[in-house]
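The two complexes that follow have chain A in common; it is paired with chain B in the first and with chain C in the second.
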Partner chain A sequence: MVPAVELTGVGKELGGQKVVRGVDLSIREGEFFSLLGPSGCGKTTTLRLIAGFETPDEGAIRIRGRGPGRRPAFAREVNLVFQNYALFPHMTVWANVAFGLEMERRPKEEIRREVEAILALVRLEGLEGRYPRQLSGGQQQRVALARALVTDPAVVLLDEPLGALDLKLRKDMQIELKALQRRTGVTFIYVTHDQEEALAMSDRIAVMHEGRVLQVGTPEEIYERPQTRFVAHFIGETNLLEGRLRPGGNGVVEVESDGLAFAVGGGGRSSGDEQVILTVRPEHLVVGRRLNGGLENRFAGEVVASAYHGSERMVHVRIGNGVVLRSRVPNGSAELPDPGDAVEVGWPAAAARLVSPD
Partner chain B sequence: MNAPAEDRLFGWKGRGLRLGLGVNAALVYGFLYLPVVVLMVFSFSGSRYATVWGGFSVQWYVRLLDNQVLLSALRTTLVLAVCATLLATVLGTMAAFGLRRLRGRLRGLLETWFFLPVLVPDLVLAIALLMFFVLVAQLQLGLGTLIIAHSVFCTAYVAAVVGARLKGFDDRLEEAALDLGATRWQVFTRIKLPLVWPGILGGALLSLALSLDEFVISFFVTGPGATTLPIEIYSMVKRGVTPEINALATLMLLASIVLATLSILIQSKNSS
Partner chain C sequence: MRSRPWLLLLPGLLWLGAFFLLPLAIIAVVAVADRGAPVAWGFGWSAFGRLWDPLVVPVLWRSAWIAAAATLGCLAIGYPLSYFIVRRPKRSRRLWYFLVLIPLAANSLVLLYAWTTILRPAGLLENLAGRLGLLPEAGFGLLWSPPAIIIGLVYWYLPFMVYPVYASMERFDFRLLEAAADLGAGVRTSVVRVLWPQTLPGVVTGCLLVYMQTFCSFVVPDLLGGAKTLMVGNLIQQRFLSLPQDWPLGAALALAVVAALAVVVWISMRVQSRLEG
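Now for the complex of A and B:
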């Protein structure tokens, strides 16, 4: 099947700086796809390239298998939901939503039907006559969505659309957006710097850093099996340890770091004496006065800090040579260590992963 | 009861301060408006001397309507103001849109040059225009040269007002419209023009008001058969101020109050 959007070797320079470099992406029809990265990573420029507001210096962008052709690129069947919504302030909700259909010169009766249907879909019935300034942030957001969806585009691009909303409303809108995308089946490309948002909503995520795509995968793949140091660090919380690789036994390799040896499962990636980075998530670390056997990694240490987070507690344990590991301990577990306590910290070899430097 | 802030902070001194400020404000307003009030009162005087009160009368307003010389000057002034305003509004609006498309230092430079006629003393502009009309363009001085001259400084004002309105225009609105399939022309007529419209109207009203009472430039570039109201009044005053002029000035004051009020209403209605 032809991908909804395909980028091959796309590069773009803005103001003498390479903001997008060699980006390859293939986004499937009906997918909720997120471009995730810190500010300045090139995600918004990538979005503007797809929208056609910028033209790539290198590479090609195909929408449903077709290049830009002779029409201006922004006239393609791709609609953008702007960060600040960019609603037309002098038009009512109705006129804002109908705008795209009118530009396509659809018949009046059809416009009325389509606008009514889409307003019902985003639950804005009864607000047709209002002006944008008379609406709440969440309502403006829905008008922007309706305006982008009503012309039945191949792809809807969303540029941090929830950034202006407060936290509670944002969580609600995340669920609503995802549901809306499911119902309409339209391909969404969603730009965000909020990793929780990306994990919660996306079918697949592309993690971007310094103009490059570092990893593309489902939220589970990105979180559980990060491939680079940046991905592991940027998504969720993790412990990163740099060291040298040593072959071990039983399908396990060892990483020597700061005079300590850590076992990593999943087979050897390499044979030699190689510089590697090890990552292990805080929720995989177990902390206790005495741990049971069966954990390949087990170290004696001292609790240096313990922070309460409601449903859990983040415990920082120093295990020698200045290495401090963070462990996420669910509340309600039997013993909660205090700073200064001597403890053991451990994790299975399978929970640790080797990642490449970026 | 809440005492005003100065009272709470300064006690009896605060009350004195407030009184002082009030008196000062009254004096400033009196200074600004007392002459105008005197003028309006005396326009209803029955005396044939402009500075002597001779009982209430509207005879000067009646006489005014019979004064063919003044009425013809009024007609010239109105035709001039309307033509110059139309020209200046179109040219100034186009200039403001064009200047906004420029980037960087060129834009700053061109903008400054464009608004120079606003800053240049009228006298300099008047002499320059006269020289240009007579020596370079070799035009017959008259209504035509008046219209061109008034358009010059009015265009600068319109460009300034429209430019200020355009500064607040969010470029993403243009992108949003293009993204939804609008052509550049549709973006202009459906998005930009409606949003910038108050600025254009404000600029037009401003140039109308400026053109109506422009004296220096008109005086220099006018020719036989094209006498504007300010020039006519000037030559009347040379022969002595008559109550007829008081009446005329009162009417012009009313007209400018109406224009100013309209302009403020339009600007405030759309800026919310």
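Now for the complex of A and C:
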């Protein structure tokens, strides 16, 4: 099947800086796809390239298999939901939503039907006559969505659309957006720097850093099997250890770091004596006065800090040679160590991964 | 300390009282007086009756339409100019804006004399047109005609249009034009349906500033209009200073202008408040 959006070797320079470098992406029809990365990583520029507001210096962008040529933004079947919505302040909700249809010179009766249908879909019935300034942030957000969806585009691009909302509303809108995307079946490309948001909503995520795409995958793949140091560090929390690779037995490799040996589940790279980075998520670390056997990694340490996070506690344990590891302990577990306690910390070899230093 | 906010009003009140309200009162007293040499104190409305004199009405009418034409001219030049400036990068924006203001800094009398050398018969303009073979045999006859006045007024008052229009465009969120383009609007549609309605408050203010000043302008029609094309400012001056003197008519004219412009201000304020909703 032809991808909804395809980028091949796309590069873009802005103000003498290469903000997008060699980006390859293939986004499927009907997918909720996120571009995730810190500010300045090139995600918004990538979005503007797809929208047609910028033209790539290198590479090509295809929408449903067709190259854009030199056509302006509107000729593509791509609509953008702007960061601060960019609703027309002097037009009512109705006029804002109808704008795109009027530009397509659709018959009046059809415009009325389409606008009514889309306003019902985003639950804005009864607010047609209001002006944007008379709406709450969440309602404005929904007008922007309706305006982008009403012309039935192939792709809707969303540029951090929830950034202006407060946390509670954000969470609600995440669910609503996702449901809306499911119902309409329209391909969404969603730009965000919020990894939780991307994990919660996306079918697939592309993690971007310094203009490059580092990894593309489902939220599970990105979180559980990060391929680079940056991805492991940026998505969720993790423990990173640098060390030297050593062959081990039983399909397990060992990483020697600061005089300690860490076992890592098989696969991945295993040629001896090279610098590697090991990552293990805090929720995989077990802390206790005395741990049961069966964990390939087990170290004696001392609790240096313990921070309360509501549903869980983050326990910082210093093991030999001063390395501090963080362990996520759900609240309600039997023993909660206090700072100063001598403990053991451990994790299975399969929970640890080797990542590239990018 | 007790706060006395009305104290802040005092300098303004004193100034307006001494240099606006008091002269206006004197003018009002002159307007109801009788013609004399130059004025005979008394009370009557005859001067206001003379406002309908066939020598006066065409001048008022001409002032109104010349001011309107000059305002439209300023808008036609000032609106795209403001757009151009506001889309420059921040640093060069200030320079462009400064360039627009320069004519205000130079001596306007000198600048207007310069215009007479351009517009006069066999002047710079006709010379140039002649070389290009575009000059009609009788010449353009621009100087001492309404078009010359309009050109001079547009030239002089353009900054008063650019300033408010530029200010309203600076507040405009240009992403809205991107949003319109994204939804399929061409450049013209985007400007007409998105930019124009949102910069209308600046346009109304600019038109008001230019119209009020051009309506009673005096120097420009005096230098570029000649004796035949009087505007109301020139007429007022003549009734006070040249023969046949008629101080009450001059004063009545001045009051009529103030009243007419007050109506214009009131209407544009109504329009403004509706625009701002």
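Simple rule for what comes next: the second predicted complex is superposed on the first by the 353 of 358 C-alpha atoms of A that agree within 3 Å, B and C clash if a C-alpha of one lies under 4 Å from a C-alpha of the other, contacts with A are read in each partner's own complex, and residues count from 1 in each chain.
Throughout what follows, a residue touches a chain if its C-beta (ideal position, glycine included) is under 8 Å from a C-beta of that chain, and two chains touch if they have at least 3 such contacts.
Quick caveat, the model's predicted, so the values are computed rather than measured.
A.B. asks: With the two complexes overlaid on their shared chain, look at chain A and say whether chain B and chain C clash or fit.
C.D. replies: They clash.
A.B. asks: Of the two partner chains, chain B (first) and chain C (second), which one does A:Gly65 touch, if any: first, second, both, or neither?
C.D. replies: Neither partner.
A.B. asks: For A:Pro89, is the partner it touches chain B (first), chain C (second), both, or none of the two (neither)?
C.D. replies: After superposing on A, A:Pro89 lies in contact with both chain B and chain C.
A.B. asks: Looking at A:Gly320, would you say it contacts chain B, chain C, both, or neither? Reply first, second, both or neither.
C.D. replies: neither
A.B. asks: Who does A:Gly9 touch here: chain B (first), chain C (second), both, or neither?
C.D. replies: Neither partner.
A.B. asks: One more residue to check, A:Gly129. First (chain B), second (chain C), both or neither?
C.D. replies: neither
A.B. asks: Which residues would you name on chain A as touching chain B in one complex and chain C in the other?
C.D. replies: Looking at chain A, the two contact sets intersect at 51, 53, 72, 74, 78-80, 82, 84, 86-90, 99-100, 103-104, 147, 151.
A.B. asks: Which residues of chain A touch chain B in their complex?
C.D. replies: 51-53, 72, 74-75, 78-80, 82, 84, 86-90, 99-100, 103-104, 133, 147, 151
A.B. asks: Using the touch rule from the top, collect the residues of chain B that touch chain A in their complex.
C.D. replies: Listed in rising order, the residues of chain B that touch chain A are 170, 172-173, 175-182, 186, 190-191, 194-195, 272.
A.B. asks: What part of chain A is in contact with chain C in the complex they form?
C.D. replies: Touch residues, chain A against chain C: 51, 53, 72-74, 78-80, 82, 84, 86-90, 99-100, 103-104, 131, 147, 151.
A.B. asks: Name, in rising order, each residue of chain C that touches chain A in their complex.
C.D. replies: 173, 175-176, 178-185, 189, 193-194, 197-198, 277
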